[in-house]
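Chain naming follows the written order as A, B, C and D, and within any one chain the residues start at number 1.
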Amino acid sequence: MKYEFNLEREYDMIAIGRACIDLNAVEYNRPMEETMTFHKYVGGSPANIAIGSSKLGLKAGFIGKLADDQHGRFIKQYMKSVGIDTSNMVVDTEGHKTGLAFTEIKSPEECSILMYRDDVADLYLSPSEVNEDYIKKAKILLVSGTALAKSPSREAVLKAVRLAKQNDVKIVFELDYRPYTWESTEETAVYYSLVAEQSNVVIGTRDEFNVMENVQVGNNEDRIRYLFNYSPDLIVIKHGVEGSYAYAKSGETFRGHAYLTKVLKTFGAGDSFASAFLYALVTGKEIDSALKYASASAAIVVSKHSSSEAMPTVEEIEQLIAEHEAKQYC
Amino acid sequence: MKYEFNLEREYDMIAIGRACIDLNAVEYNRPMEETMTFHKYVGGSPANIAIGSSKLGLKAGFIGKLADDQHGRFIKQYMKSVGIDTSNMVVDTEGHKTGLAFTEIKSPEECSILMYRDDVADLYLSPSEVNEDYIKKAKILLVSGTALAKSPSREAVLKAVRLAKQNDVKIVFELDYRPYTWESTEETAVYYSLVAEQSNVVIGTRDEFNVMENVQVGNNEDRIRYLFNYSPDLIVIKHGVEGSYAYAKSGETFRGHAYLTKVLKTFGAGDSFASAFLYALVTGKEIDSALKYASASAAIVVSKHSSSEAMPTVEEIEQLIAEHEAKQYC
Amino acid sequence: MKYEFNLEREYDMIAIGRACIDLNAVEYNRPMEETMTFHKYVGGSPANIAIGSSKLGLKAGFIGKLADDQHGRFIKQYMKSVGIDTSNMVVDTEGHKTGLAFTEIKSPEECSILMYRDDVADLYLSPSEVNEDYIKKAKILLVSGTALAKSPSREAVLKAVRLAKQNDVKIVFELDYRPYTWESTEETAVYYSLVAEQSNVVIGTRDEFNVMENVQVGNNEDRIRYLFNYSPDLIVIKHGVEGSYAYAKSGETFRGHAYLTKVLKTFGAGDSFASAFLYALVTGKEIDSALKYASASAAIVVSKHSSSEAMPTVEEIEQLIAEHEAKQYC
Amino acid sequence: MKYEFNLEREYDMIAIGRACIDLNAVEYNRPMEETMTFHKYVGGSPANIAIGSSKLGLKAGFIGKLADDQHGRFIKQYMKSVGIDTSNMVVDTEGHKTGLAFTEIKSPEECSILMYRDDVADLYLSPSEVNEDYIKKAKILLVSGTALAKSPSREAVLKAVRLAKQNDVKIVFELDYRPYTWESTEETAVYYSLVAEQSNVVIGTRDEFNVMENVQVGNNEDRIRYLFNYSPDLIVIKHGVEGSYAYAKSGETFRGHAYLTKVLKTFGAGDSFASAFLYALVTGKEIDSALKYASASAAIVVSKHSSSEAMPTVEEIEQLIAEHEAKQYC
């Protein structure tokens, strides 16, 4: 089964949400207290997905707000350098800062992030900075859940979603749940449901779907049955090392498997999964094939130091898939 | 043409939003600086509509949050005394105050309101305080636009709207636009559109529809064409003294006329209009008849001192309609 | 013992702080829930003291910030009408509201106030709105403790205090402690100590001195010994119905007695006390006589409906003192 | 002329204020956009001064609040490791973050700092966390001006100042003016004056004294004449490369000269100046000698990469002074 897009659009994907700075421990496998040097990368889920897609050859654009400082300028330069259209990345004029994520890598299993997300520039994107003329040039509007966490970014996204629907742009909702930016899980549930019901494709982990449903432990079947009453026709639920499921409204279910790899850290797995999955959909691959691209991409990124710069090429992904399938048939 | 409701429901209407205090000038026809005494009434659009409907014989309930003080207790007592179910009016525990509206009546044409709406209790209603079991007992969920102005009341309303839709409760959206509670008209437009698209009946002035559309001057036909793509099947647009229009999805348009009356002040016109209009719909009257009830109710309230206590009985309304029609045919 | 002032100054007193609205129950001796009408008066401790002093014949001025609305304009008009110079009452331009106090009089012993003090205009007086040229025209700068509760009013007062000291203006600090405007009693203690140490005269209840000392129960002797190390040379500590003490740095102690009276409510007692006490000091009366004026003034105000309009004339005060002394010698 | 201290105190100095993280560009002499790696150091003026003094052999303590995260723990560990008593460094429990300073070194003349100072933990130190028993163990309480920028840190410092005065602890006020943390220069002027008047020693640049006076260009003589009316008996005003002046209440003036050095960046000059100046005072050196220690210390720090780790030893300072004097007499 393949997924159809409006082929006449200039951009394969326009992402909306945060573009931030990751400060990754240069000396790792230790507590951050003992890390004395940090390497700077562009980060933030929708930025990573746009970067990953762009490296895979998709034409990507970005709607977001940047701090008027050295970090903001670095982000814009970097995203431009990998081929992303940055014409709709606006600069904040009210002194808000760039979001930061210091990553701590104690071991491949023990990773944590020290976040600076209070009053950051990306959450100040306003509805007036979302342009219909831009959105209607896209096949896909990629919405990151975290961009719904605060006003006015929340309203900017709700406006973008409405404009996408009115202009036949497929809405892909990556749940990207980050508890620290939300007032309560109840609030998250309200907006996650609202946007999921209006989206065409919803992608998230099982835990993120639990947040949307405001339950401790939900199950996939109940949720997809509910969402298929609304706009979604493809729902991807990820279960970590147990792999992932893609459910189509038509009734088909596809199973994806995690690729074994040498893990350096777990950051960036979801973003690399999404970028390769969307690349595969847009280039007309079957959904079960898209899940392979997604898993291979994630496996590559978790073995490397960054989330953005580590995004693989098509060749790397296809090589890993080939190696993997060769092994299976030995 | 009549409007259909689920007849098995316990409550004709449950309103959600603010219940506040009006402090109306006892000495009027002068600037407020010269008013030395104020009379206390319950106020706030959805409270007034619930009170008005209840006085007309509907069974009404209310979802809202009250300050833990003398004003909050007065509101609950008063609403109970006119027959409203107050079981879902919760008491704030964080020290928020009751909203206040000091009314200035310089002349019938020059009325203004001095508002105390910062951090008021009603805007702190949270999603967890909205109960599905309660909402599903209603024929109508009446949503007041002002309740969308701030979080967490905004999310409480969005949750109530979703629960109403899932439980076949008709959603009536009274736009009730009050600029001072909103960050920007852009923000208002986002939420007004979102809720209007999910409502069954939308009621507002032409100016309020302009805010929803985020335009200076919109026109009725464009807007109804747009909204009829979504859930609404009945849209009422009020044009002040020029009367009002009710548009049905089926294609019919109904015209309502304002009733001439001795005006004391303009406050309360919209709320009395809505309560009588909904009374008429629920009791199975034709839509053009409902517009007459609405206009008559408004005419009565603007001739009196308060917005809530002045709400008329069915007899008063029907008498005014009869007198009016008698005059027309002389 | 008399208190000396710089006699060449144009104003007997300039007060700094809040001028607000009292909404006093017209129907009283009942819970406020059953009060349906409220009478409007000017209120707020330093405003009341300025009004009281002005009615007694002192030349008073006021430094404060008023809301740009009907309540703000009423306050200015009223204060002007009783002879106060309002040239340094500035108008807020950022939409802040006038503080409100709804008074509940259940019985003479059970009075409470429902306050609206969040983000009120008076607390937005800024240091730039405090003028040295004005302050140096005064014999007394009357500082109200509540004006220290929030920035920027806090800094405006600290600046006024410095300017008064530099220009040989006597600083009278009325503690006027209102818990609801402060973050913590610790914070209050810091600023009350800071300003008390720089003041010439400090007036407060025993409870208010406890807050300054950040103790549960302090004693007068310890506190006056401490404060006499700094600027104060006259300290008045009020013990309610047990009367009051005035301590002079020179070592003398004066005892004041409460006057028995028919009490309507307790509001306004402190403000009427202070205004008559200062009147007596400025007009060269002995301190023990000043305490009598103060007690008589308080007794008159608590027997009446308002705090400001009820402020007595010199004749009324002196008549009460005379009657009282006549009784004592019978 | 020497400066006298209470010799029986356990700590030579207790500093109060912020302890933060500096992230210094590893690749420098370029815009920060092109710096990809940052080295982590402890930073913040009072922390740097305590570290500098401790390295010079003084017994130092610190009163401050740290974030409950990896950065907070690193700061505490580092300060302990250089010999500072950290028993009064409390841990924030409300999720506030550690302040950050990313340094950009375009050239020795063009340095700038990208600050993360919104809602940082150090500004949440509260008065209840300032202990009299600790303060009275010190010869010197070092107050950093930035700690006055926000409540409750502001009140914590005001309380510490009062306790120091009551316990015969010399108060040294390092103005350390950072515009971005203040609401207005007017507000700064109020608190800088208040604390300067209560301090024994005041140290700052000419620009910082202008802020205290709330003037564009003030002059040293006017200001010292004013401050000598109050508590100060030693005032140090720094004029950058033109050197510095130390004014004693006794009437003497001392001139200090800047030491020529190879400058890497300008950060840390003031902190290293203060730590060596205080070291010299405490160890009984003459004031003109103290100015030499201060200038030499500053010259060493600006030639190195960090502000804290680069703090020199006594030997390094004395060697530089000796070299410098040798050159002068050639």
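In this text, a residue touches a chain if its C-beta (ideal position, glycine included) is under 8 Å from a C-beta of that chain, and two chains touch if they have at least 3 such contacts.
Given the structure is predicted, the values throughout are model-derived calculations rather than measurements.
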When the contacting C-beta pairs are counted for A-D and for C-D, which pair yields the higher total? A-D
With centres defined as the mean of Cα atoms, the chain at greatest distance from chain A is chain C
Could you please state the distance in Å, as a whole number, between where the Cα atoms of chain B are centred and where those of chain D are centred? 61
Centroid distance [mean C-alpha coordinates] between chain D and chain A, Å: 44
Distance between the centres, which are taken as Cα means, of chain D and chain C, whole angstrom: 42
By the touch rule stated above, which residues of chain A touch at least two different other chains? none
Could you draw the chains as nodes, link the ones that touch, and say if you get a line, ring, star, complete or other? ring
Can you give me every chain pair that touches, using the contact definition above? A-B, A-D, B-C, C-D
Touching residues of chain D toward chain A in the complex: what are they? 23, 26, 31-33, 35-40, 69-71, 73-74, 77, 97, 100, 102, 104, 114, 116, 118-119
What part of chain D is in contact with chain C in the complex they form? 126-128, 151-152, 155, 158-159, 162, 183-184, 186-187, 189-191, 193-194
